[in-house]
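Just dropping this structure here.
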Amino acid sequence: MKKTTVRTRVLTGAVALAALGAGTFGAMTATAAPKGDGDVAQTAEARKPDTLTSTHLSIDAATRAAEAALHAAEKENQHVSVAVVDRNGTTVVTLRGDGAGPQSYESAQRKAFTAVSWNAPTSELAKRLAQAPNLKDIPGTLFLASGAPVADKGAPIAGIGVAGAPSGDLDEKYAQAGAASLGK
Amino acid sequence: MKKTTVRTRVLTGAVALAALGAGTFGAMTATAAPKGDGDVAQTAEARKPDTLTSTHLSIDAATRAAEAALHAAEKENQHVSVAVVDRNGTTVVTLRGDGAGPQSYESAQRKAFTAVSWNAPTSELAKRLAQAPNLKDIPGTLFLASGAPVADKGAPIAGIGVAGAPSGDLDEKYAQAGAASLGK
Amino acid sequence: MKKTTVRTRVLTGAVALAALGAGTFGAMTATAAPKGDGDVAQTAEARKPDTLTSTHLSIDAATRAAEAALHAAEKENQHVSVAVVDRNGTTVVTLRGDGAGPQSYESAQRKAFTAVSWNAPTSELAKRLAQAPNLKDIPGTLFLASGAPVADKGAPIAGIGVAGAPSGDLDEKYAQAGAASLGK
Amino acid sequence: MKKTTVRTRVLTGAVALAALGAGTFGAMTATAAPKGDGDVAQTAEARKPDTLTSTHLSIDAATRAAEAALHAAEKENQHVSVAVVDRNGTTVVTLRGDGAGPQSYESAQRKAFTAVSWNAPTSELAKRLAQAPNLKDIPGTLFLASGAPVADKGAPIAGIGVAGAPSGDLDEKYAQAGAASLGK
Amino acid sequence: MKKTTVRTRVLTGAVALAALGAGTFGAMTATAAPKGDGDVAQTAEARKPDTLTSTHLSIDAATRAAEAALHAAEKENQHVSVAVVDRNGTTVVTLRGDGAGPQSYESAQRKAFTAVSWNAPTSELAKRLAQAPNLKDIPGTLFLASGAPVADKGAPIAGIGVAGAPSGDLDEKYAQAGAASLGK
Amino acid sequence: MKKTTVRTRVLTGAVALAALGAGTFGAMTATAAPKGDGDVAQTAEARKPDTLTSTHLSIDAATRAAEAALHAAEKENQHVSVAVVDRNGTTVVTLRGDGAGPQSYESAQRKAFTAVSWNAPTSELAKRLAQAPNLKDIPGTLFLASGAPVADKGAPIAGIGVAGAPSGDLDEKYAQAGAASLGK
Amino acid sequence: MKKTTVRTRVLTGAVALAALGAGTFGAMTATAAPKGDGDVAQTAEARKPDTLTSTHLSIDAATRAAEAALHAAEKENQHVSVAVVDRNGTTVVTLRGDGAGPQSYESAQRKAFTAVSWNAPTSELAKRLAQAPNLKDIPGTLFLASGAPVADKGAPIAGIGVAGAPSGDLDEKYAQAGAASLGK
Amino acid sequence: MKKTTVRTRVLTGAVALAALGAGTFGAMTATAAPKGDGDVAQTAEARKPDTLTSTHLSIDAATRAAEAALHAAEKENQHVSVAVVDRNGTTVVTLRGDGAGPQSYESAQRKAFTAVSWNAPTSELAKRLAQAPNLKDIPGTLFLASGAPVADKGAPIAGIGVAGAPSGDLDEKYAQAGAASLGK
């Protein structure tokens, strides 16, 4: 069984921070090799590293956030489902709350997907439809309040979605409670 | 617009290496906080970091590997499709080769998915069906030779799949050529 | 073959009624253990039961309601399909009426799904789109009149959907006839 | 807004136990009306209640079980995904473990679905394929070890599925650990 | 091998015409038994026949209609796809015209489906969205001109859909040409 | 709004019987025009009628059959789902029985689909896999005992599928009970 | 509106024939520029043309072939569906024959897809499963006799699939009749 | 193994140009036989060739265009995904850029699909929704700026889609950069 191992270079913190400073893109960091004295002859192409690293919530953190959102809703007697979606769009945690409506489960995932895609609360994103109404036709999205983004140094790493409360504002309050549990 | 920023801690290399030594799991590294003198009172739970990092092929490296596989096939007058799939199962690159059969495009993705899921060439994995025939019922997989895993310090980070040549052995030769282009 | 049996506690009626008084959530009732004298030291957490019960239409009742809706339509020479959907969103009964259009079968299911999700007739729900137009992008829903909710002590347990008549008002009349057959 | 309220009758415990004694079916209990003296003239048909109740894991219990399974795997340095599926086939909790392969997420759900469908560990069910090989063609199922059923008085109420460890035996050990956390 | 044969009764023409006079429903005719002298004691329920017949285009007629639509487009140098859909919503014929855009194939089927569902040209149906905008959310439909209904004694038996021309008016002209080929 | 009305010719009984004598095809009957004296000049092509009729179970008969199957199972304390599928493959009736496993609902539909496709009980069809194992890869089918065909003068018009009992033999007994209710 | 026009070079016949001699790949021909005197300085890379041409059946030829297959079946009183699939895997023509079983429509498409993918009759391809049983897990394929390839100078350009007759041998005879109609 | 070879005739340039002059249809060219002296008695029908050729980007050209689009975005620090879709609607190349949002991958394909379907930039096509709002319900499409068509002698042969930048205008600039790389 033959396996291939790629060139991997360790990223210096300074370079990483510079890359992350660029803003709204995902928390994917180029693991560039520190240039040593002997690197003079390398081409620009050769300098590009083969691998990058991306930042994710650990499953423990994601579960904690999902439960915080769920319990925030339960405290107000609301019955919701909660989802945490990764920056690559894969669902990490789902919790179908006791008594939550059947429409809430997939809604929560789509709201979380939408929040992490644009790194903004879905309540904000819904306003953008006034200028670009067809945004909502992008597969996997749902432009209803309650998706909350989770960022790492400004770059999105996850979204938290909540669905099932009587209003999107309530849903989003619980999603924000979930996100807040990570910042402590 | 309120955003949440998670606690992020920088991983020391030693811890990362230890974690990676465990073997067949994905290249996801716990970004644990270095324990300082003042950490005595913290609980074990609190010590767990909220974020992890995972390693990915850059798009440039993935494209280079896909093209290397495609050109290895073209040199032998074979018409194939090629796919590179990430450790989280998302497709990163697809190339539908000139004259490749219509069945090759999705096959290539499934082979790549299968290789990265178990960190082994699909020719090896197909042999495991003798013991566990129902493995092949797992959604998204295809147990046909030609998926090649790409590893980073032993942990899988991508799979390369090739489809369309008259035999799986040929397909896998090209996939390995793609993977080999990363190790140079 | 090892099986696990969860702790099950019998719900006292009083507690159940209190829980159900909360309103618009599904008819899922916490089966809390009656507190005995020896329970003093238990934590709030420990008190939470592991199981809940939810209320469903029996298949006989659901079939009766579906047929009542169908026959109400047939009496007026309308050709419709009928569906009954459970509070967990699964379809319980479908009847494709003689001569009903091909679009009616899935429509009926979606209308029923929508009605039970929000515990309101879909004619009411369609009006809510004026405030929240993107509600209709939630997967599985259809905001067209004729979905009728079925409630048990105020909590939704099923939805009845009818489709195929020339107007949504007619469809909803038949759905209500189906629901009414349960209240007798 | 017109809503319909169905006839609801309170189930006496004795009747429920009798019904549950029947065995392998789901924990759905007929909420039959106790017959009083005045019921003489009622037909058998009329006696049938319109509603039933089914038993579910609470979201807190389901989450606890999923985490127990996940942590059992983590203790042995295995990277898995976990799912809990309800008796009606809907997913209640998913946890995508750190570093778990991409094939593990849907596999866990299908194993849980399979376990709760037949109220048996999937390792047992896989053996039944010797007699009935086409059972595995039933949509939504996966006949690989590691799905563990959760029963309430002998009737299935949930399934726990684990996927991602090097063998199905390991996966099932963790699933059983999850189920065991409910029996304490 | 045991087979069951249902009671089949031959429909008298007079009854069929009466049923068909009712209007917009599908061409499904009750095959009621002619009442003879000895039928006095039968109940109304028992009189209902077990089978109905529905009317379909033969495959030769459907192919002829599809080709007529295609050739009408070709005469005007338009490149379209054509579909004929049955009253039960199943596609009977598809023709992907030379040079037709990739979006045309499924569009043609959906237009045909829409036309036969409501027994009206889709250009007419699109106008109804002014009153009932959510009609277009019914799965399988497409409210763009060019679906033409085919009726038998006033009841819909098929729809013809054309897609790919620069305007829906042109598409519908070709669809009508296809339908017209059946009336000769 | 322009509608097209096809040529419809009334089928003479004798021709219909001859056509139906051919055997295993669906109950679709050519509505050929009776040849009169003046038909001499017509071509063979022109003689072919544009429409055919197919035979279906009425919704009342289909519901009766589904309920008969369900009650046959209930009498033996089995918890099953039942489906009736038309000869064109569309589902006409579904009943999700009280306490039936979640896998039973779609299984019942697939068994019914399989039975009506080949006009044979699925227990018979499963035996054919010995000669043609890939038959079971045909989309929509399920080769497990319990699908029962319903025929009209030897031609298939519907299938009844039952799923959820501990064995396929039991399921098929109930399906046959459903079919038998139509032959009385 | 800005449009881009690619470099297009006309293929000389000789080069095309050489390319097509290579064998089993699709009829996609490189439109290489004839080298003129002034081409000396160009690199090999630069010589590669930007466009290729592929060969397809015209819709009229494809329809003729499908009808030939259908009529061959009708002559023997068999009720089948027919499909013609392009080398790129898209369906070009479908005909659902009178009285054909519901399983036949998608089967015909998959058989055609399989035949054109490997440029061989599906009866031949089914034999290859003895060596490579998992080939049949490739999405979109069906390894049942009756798919017939259509070639142009040895390269596959289409597949014809027939389904619905009592045996695959019969189905394939009709598919070959369809293909034969093209060679006249 | 019997294969069928269709009649193939070589297209004269003059005829091809005439056909292509017609405008907006795909680059599919009738390969008509040159009429010789002996062709007098042939009917127009018989003259129609059995095969056509269509023009495609080579995989090398398509990859080059995709990379040009990607690098144009990277130069401006934008993180996007890129797709190239063929005139027959099949995806030829996908590149998921480093740090691109999860919504970008399928969006890029749909934009490319939309551009090649109507041979116009999607920014233009989005304007057409003012007149025909339901165009956007056609399956597979996305009416958001950034899909760029690629034409060959005025006929569409591919579309390039880019997604992930903060605005559709930016996305389309990069798509146009990709298309421009082909015209050099």
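A, B, C, D, E, F, G and H are the chain letters, set down in written order, and residue numbers restart from 1 in every chain.
Here, contacts are C-beta pairs under 8 Å (C-beta built on N, C-alpha and C of every residue); 3 or more make two chains touch, one makes a residue touch a chain.
Nothing here was measured: the structure is a model prediction, and the numbers come from that model.
Participant: Copies subunit E and subunit G touch; is their interface built from the same residue numbers (over half shared) or different ones?
Facilitator: Same: most residue numbers at the subunit E-subunit G interface appear in both copies.
Participant: Quick check: how many Å separate the C-alpha centres of subunit A and subunit H?
Facilitator: Centre-to-centre distance between subunit A and subunit H: 33 Å.
Participant: Using Cα averages as centroids, what's the distance between subunit G and subunit H in whole Å?
Facilitator: Here subunit G and subunit H have centroids separated by 21 Å.
Participant: Taking each chain's centre as the mean of its CA atoms, how far is subunit B from subunit E in angstrom?
Facilitator: From the centre of subunit B to the centre of subunit E is 49 Å.
Participant: In angstrom, rounded to a whole number, how far apart do the mean CA points of subunit A and subunit G lie?
Facilitator: 44
Participant: Quick one: which residues in subunit D touch 2 or more of the other chains?
Facilitator: As it turns out, subunit D has residues touching two or more other chains at 28, 30, 52, 54, 56, 58, 86, 88-90, 98, 102.
Participant: Output every touching chain pair, sorted by label.
Facilitator: So the chains that touch one another pair up as A-B, A-C, A-D, A-H, B-D, B-G, B-H, C-D, C-E, C-F, D-F, E-F, E-G, E-H, F-G, G-H.
Participant: For subunit F, which residues count as touching subunit E in their complex?
Facilitator: 1-8, 10, 13, 28-31, 48-58, 60-61, 86, 88-90, 119-121, 124, 148-154, 157, 176, 179-180, 182-183
Participant: Where on subunit D does subunit F make contact in their complex?
Facilitator: By the definition above, subunit D touches subunit F via 22, 24-28, 30, 52, 54, 85-90, 113-114, 116-118, 132, 134-135, 137-141, 155-156.
Participant: Note which residues of subunit G are touching subunit F in the complex, please.
Facilitator: For subunit G paired with subunit F, touching residues are 77-79, 98-104, 106-107, 110, 126, 129, 136, 142-144, 166, 168.
Participant: Inside the complex, what are the residues of subunit B that reach subunit H?
Facilitator: Touching subunit H: residues 56, 58-59, 63, 67, 70, 90-98, 102, 105 of subunit B.
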